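For clarity, chains are labelled A, B, C, D, E and F in written order, and residue numbers in each chain start from 1.
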Amino acid sequence: MKILIINPNSDEEMTKVIERNARNFAKGEYEVDCITNETAPAFVTTYNDIAETMPGLKKIIEEKEKYYDAFVIACHSDPNLDLLKELCDKPVVGVGEASLKIASMLGHKFSIIMASDKGIPNKELLVRKYGLISSLASFAVANNGEGFNWQDQDNLILAAKKAIDEDMSEVIVLGCAGMGHVAGRMQEILHVPVLDGVTCALIIAVGLVKAGLSTSKVRRFKSLSK
Amino acid sequence: MKILIINPNSDEEMTKVIERNARNFAKGEYEVDCITNETAPAFVTTYNDIAETMPGLKKIIEEKEKYYDAFVIACHSDPNLDLLKELCDKPVVGVGEASLKIASMLGHKFSIIMASDKGIPNKELLVRKYGLISSLASFAVANNGEGFNWQDQDNLILAAKKAIDEDMSEVIVLGCAGMGHVAGRMQEILHVPVLDGVTCALIIAVGLVKAGLSTSKVRRFKSLSK
Amino acid sequence: MKILIINPNSDEEMTKVIERNARNFAKGEYEVDCITNETAPAFVTTYNDIAETMPGLKKIIEEKEKYYDAFVIACHSDPNLDLLKELCDKPVVGVGEASLKIASMLGHKFSIIMASDKGIPNKELLVRKYGLISSLASFAVANNGEGFNWQDQDNLILAAKKAIDEDMSEVIVLGCAGMGHVAGRMQEILHVPVLDGVTCALIIAVGLVKAGLSTSKVRRFKSLSK
Amino acid sequence: MKILIINPNSDEEMTKVIERNARNFAKGEYEVDCITNETAPAFVTTYNDIAETMPGLKKIIEEKEKYYDAFVIACHSDPNLDLLKELCDKPVVGVGEASLKIASMLGHKFSIIMASDKGIPNKELLVRKYGLISSLASFAVANNGEGFNWQDQDNLILAAKKAIDEDMSEVIVLGCAGMGHVAGRMQEILHVPVLDGVTCALIIAVGLVKAGLSTSKVRRFKSLSK
Amino acid sequence: MKILIINPNSDEEMTKVIERNARNFAKGEYEVDCITNETAPAFVTTYNDIAETMPGLKKIIEEKEKYYDAFVIACHSDPNLDLLKELCDKPVVGVGEASLKIASMLGHKFSIIMASDKGIPNKELLVRKYGLISSLASFAVANNGEGFNWQDQDNLILAAKKAIDEDMSEVIVLGCAGMGHVAGRMQEILHVPVLDGVTCALIIAVGLVKAGLSTSKVRRFKSLSK
Amino acid sequence: MKILIINPNSDEEMTKVIERNARNFAKGEYEVDCITNETAPAFVTTYNDIAETMPGLKKIIEEKEKYYDAFVIACHSDPNLDLLKELCDKPVVGVGEASLKIASMLGHKFSIIMASDKGIPNKELLVRKYGLISSLASFAVANNGEGFNWQDQDNLILAAKKAIDEDMSEVIVLGCAGMGHVAGRMQEILHVPVLDGVTCALIIAVGLVKAGLSTSKVRRFKSLSK
């Protein structure tokens, strides 16, 4: 089995981190490659960023569909996910959707760690679209300053701890792809499940391939151009 | 005041119809132009169609922002509306959003006339996103056949009548832009309000300009690239 | 075109302010008159106040229906709005409904400026009735003391600022009619849209008249006495 | 203990039926009187009817508050119930609210028997306001014709049976006050609970008096005129 | 009429308190007995506690069904209530369901007094199941420490007062059965309705018996083993 | 890795079918055993059936926790799932929850194939509890007669086809565990994803083990007895 993880942004470093984490998780049971969306911006924050990921994502899916068994879209805002599910006959799994739905099975409410409050409205719309608004404890903004750094684990842990203690959160979801190496340590410190989206999406993607399942093509995701 | 109506698809004929209807509605009190999104497909049905409207819509907004006071996106599925609100400092009004919100002020429940059932899931997500799901009586599919034609008024009227009689609908929303000329006649026959989206969007757009209102740029629609 | 704005309370001063603001907004493009509901109390806060506005509102609508093209009910709690929509064949627009629905088009969430917390429960029911509860950021109570004064702009601005910064609000709705002159200055200071209900209701009312639209009379608002 | 049942309409015959049913139910354990709202219309269907019940309901509550321990508003659309709860320090129980909330304890979903479809939109708003929309199986319209007659039990039973068999209803709520004598026979035939609103409201009203409970006066129902 | 109150836990002292309160409330108009669920744990907090109440509750209902007219399950988390409604042909009323539904008739929002935050998630699910989430102001945790004591009235009153002042609560629901003697004093101090669940359940249970109503056996609560 | 699938009912035949399907799916990559809940009834339909599965499920979890890495509860009504998540420190996955959440990722709406309408109310509560009510197209009752047989594939296919064509369903969920062998053939005929719950639960369970994730023990599922 071969899974392609698509990093919707153009940050090559992040692609490498995601690929390494994913291969660690896969343990050689299936092949995993991670590809950068070179024509996209380096970060995905705004609607414009989401729009700019589109041409590259579409191109990658179209070119790679026949070489892989399933695809993971490795950005927690699930950019263009509906489009990619429509374009592709094989499973396409969003990091946001997979992690939020698995989070809702592990505890009463989850909090999503965010890099800034700019992304909260759109993330809330996503949670609502997935039917999980009553499972949302809070958005835990790790840092509002410009110099925020996803590598700054102390800040992440502080924000998560506050969510657990004050917002009644029981599960932490990392609101950015490619943090798989951090999740483990955070979980040890916080004593609650800490979910990395790419891991969650791999669980679903690999499972769907094994089960012979894919996106329904009967109506919403039916492609008229194929 | 100058309003630019953007037809997200590339159907020049529809652009002309929309422009004529809009100018009839404007009665010379403000200028209205209608522009075709030339790089887009001729119809907007699938997520891929929506994606293909994006580059052209973005380009038009960016080029025309300084020449017009407000913009109307003339497709009832509000393609890329969040993006365009973010990109533009002036009011951008979607035909879907405007017509559904006005419809909810005129009666208990509305039905949306649809050309086929392919578009229902995405339209339902839109209604839900706008908070209006409890005001939705039904989707009235005018025709499922390939040969459907928005000019076929008898079919539209039949579908609308069924919605009023059987689905408890009180207001009819035309689920496609550029039908302003039909709304009047349908209303006479059906004795309930029949809403053309472009007309509704013009009401809001012109009103916002006069009131000095536009999209809030404080968080969700804040553009980081400007 | 002639629009009648009905001030549901008996405060003549407020009527004059509303009329002046409305005429400024209309810029002579249509006629606007504002009438006081003389048999009502001076403020509308309680359910009893709402009840006491009823006989006068009904009388005004019945007497004036033939002389005007549309009616605006200029109190943000939309007192007796369902009744007036039923009684009248011409458009009747509530200041609350119009401002909340337009607010939801301009940003992710809105806050409503309130004079006291007594009115919050009923306002929440209104927001819920209009399907907009997920667009509500907060009720921003400008002042709980007895000496509250809608002219006290500093207090309004402070309450609005807190809503934007702490409650994630993106749009401010003035929860009282007749503040049109304040909205502009607040908007300049706050850098988010500040909505005056009467302005919003005029946008809708004028638009409906131009489009030949009015309340559906097919079921919910069908009058059996006409 | 003395309970006053207020018939919001002016139909003396209905008042007598309600009083007789209520006294049969009370079995002399407490006193029950039923009073007619003489200035109201004979039926309560439209928003105008509801408005016309207001002055009389208010007058009755104000005059009788000191002589009775609790009040039942005997019309299933709960006309002016919020107002009466605000005006009165003693318990005021609506026939609609009491019957719907009790119905939701007795089965998965209930259907409401209606005399015509004109009242469905407003009844739906009521069910929604009471938080019970997910417990609503259907509105069972007993008869749409003009000659409908609540005495026509066969028609009621037919409509209820259809609701149970086709709409998955498990409990029947009679959508009109004063049918207490019919509920028993319907229940025998249908083998599901059939709820008479006045009976349900008496259960709540008598219970509240015994428990020393009444409407909270802290905010929503606080009267500023007392 | 004979009502059996079942204390789902094995705390004999609580059973005695509940029985005494209930008989005080009944004033001899009907018989009330209270029985202890001897095989259950002394407190009901966890899902395991709820499970351990099950065999005893089932046995009591099966043995006592023929001797009593209705049953009250005297624990505010309504343990196994659906099961007991299914098993029994006579009315079975949960203290949680009855108190929350009556609370929603007496004010805009209620707060539930809780002994610890461990029980909040499950209580929230209950409120949601009963359709009352929009009537929930807050969970007011009286004490998180191990030494919490329901007899510690000062703590209860403090928690309730905070809920009224800060969470916009208008009605207080005691989240534990057998506090009937406290409710009265709290109500005097707080000036809002304070609801004891057993009292509320008795109101409903006695009323259902008098009205000849019981659980619908048509589908959800149909017992296949009888 | 070792997964234990627990068949909550006492039907040994079904246990064998489930085990065979599961091992086929596992392909030897991990060990799967399936155990029968011997003290339970042969079918799980009523609340009483669910209660009777409890002691055995609890005993199995307690005895087997140390020998397995994760547990699957193989009944589509997720009997006692909250309890088992609380009791066990290792992942416990319900067949209902896993299949419904995965279904919601594969299409707009799903239908659940049911053996009779008796189980619909409780299944609806489950869907609502999981936040997926807006993804539910319909319950497709395959057969209401007594002689229903899950082996009767023609009936299943007919019911599913009707759901796709008439209820706008896009994904089929088999509402009973142990049908893994049928899903494949149904999918071929229906051309939409057909989900077997056990397969879905295995996907999640195996994934959680690999990712080092399990139920959050911070509040809702915290066991006080361990």
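The working rule: a contact is a pair of C-beta atoms (placed from the backbone, for glycine too) under 8 Å apart; a residue touches a chain by one contact, two chains touch by 3 or more.
In this text the structure is predicted, and so the values were computed from the model without any measurement.
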Touching chain D and chain F alike are B, E
Max Cα-centre separation from chain C goes to chain F
When each of D-F, C-D or A-E is compared with A-B, the one sharing over half of the residue-numbered contact pairs turns out to be C-D
In terms of mean CA position, the chain most removed from chain B is E
Distance between the CA centroids of chain E and chain F (whole Å) is 32
Dist(centroid_CA(chain B), centroid_CA(chain D)) in Å evaluates to 43
Two or more other chains are touched by the chain E residues 108, 117, 120-121, 128, 133-134, 168, 170, 219-221
Contact graph of the chains (line, ring, star, complete, other): other
A full list of chain pairs that touch reads A-B, A-C, A-E, A-F, B-C, B-D, B-F, C-D, C-E, D-E, D-F, E-F
Per the touch rule, the chain C residues reaching chain E in their complex are 117, 120-121, 124, 128, 133
In their shared complex, chain B is touched by residues of chain F numbered 108-109, 134, 168, 170
Within their complex, chain F touches chain E through residues 45-48, 50-51, 54-55, 58, 80, 82-83, 85-87, 117-118, 120-122, 125, 128-129, 219-225
Listed in rising order, the residues of chain D that touch chain E in the complex are 25, 27, 29, 93, 97-98, 101-102, 104-108, 130-135, 164, 168, 170-171, 184, 187, 191-193, 195-196, 199-200, 202-204, 206-208, 210-221
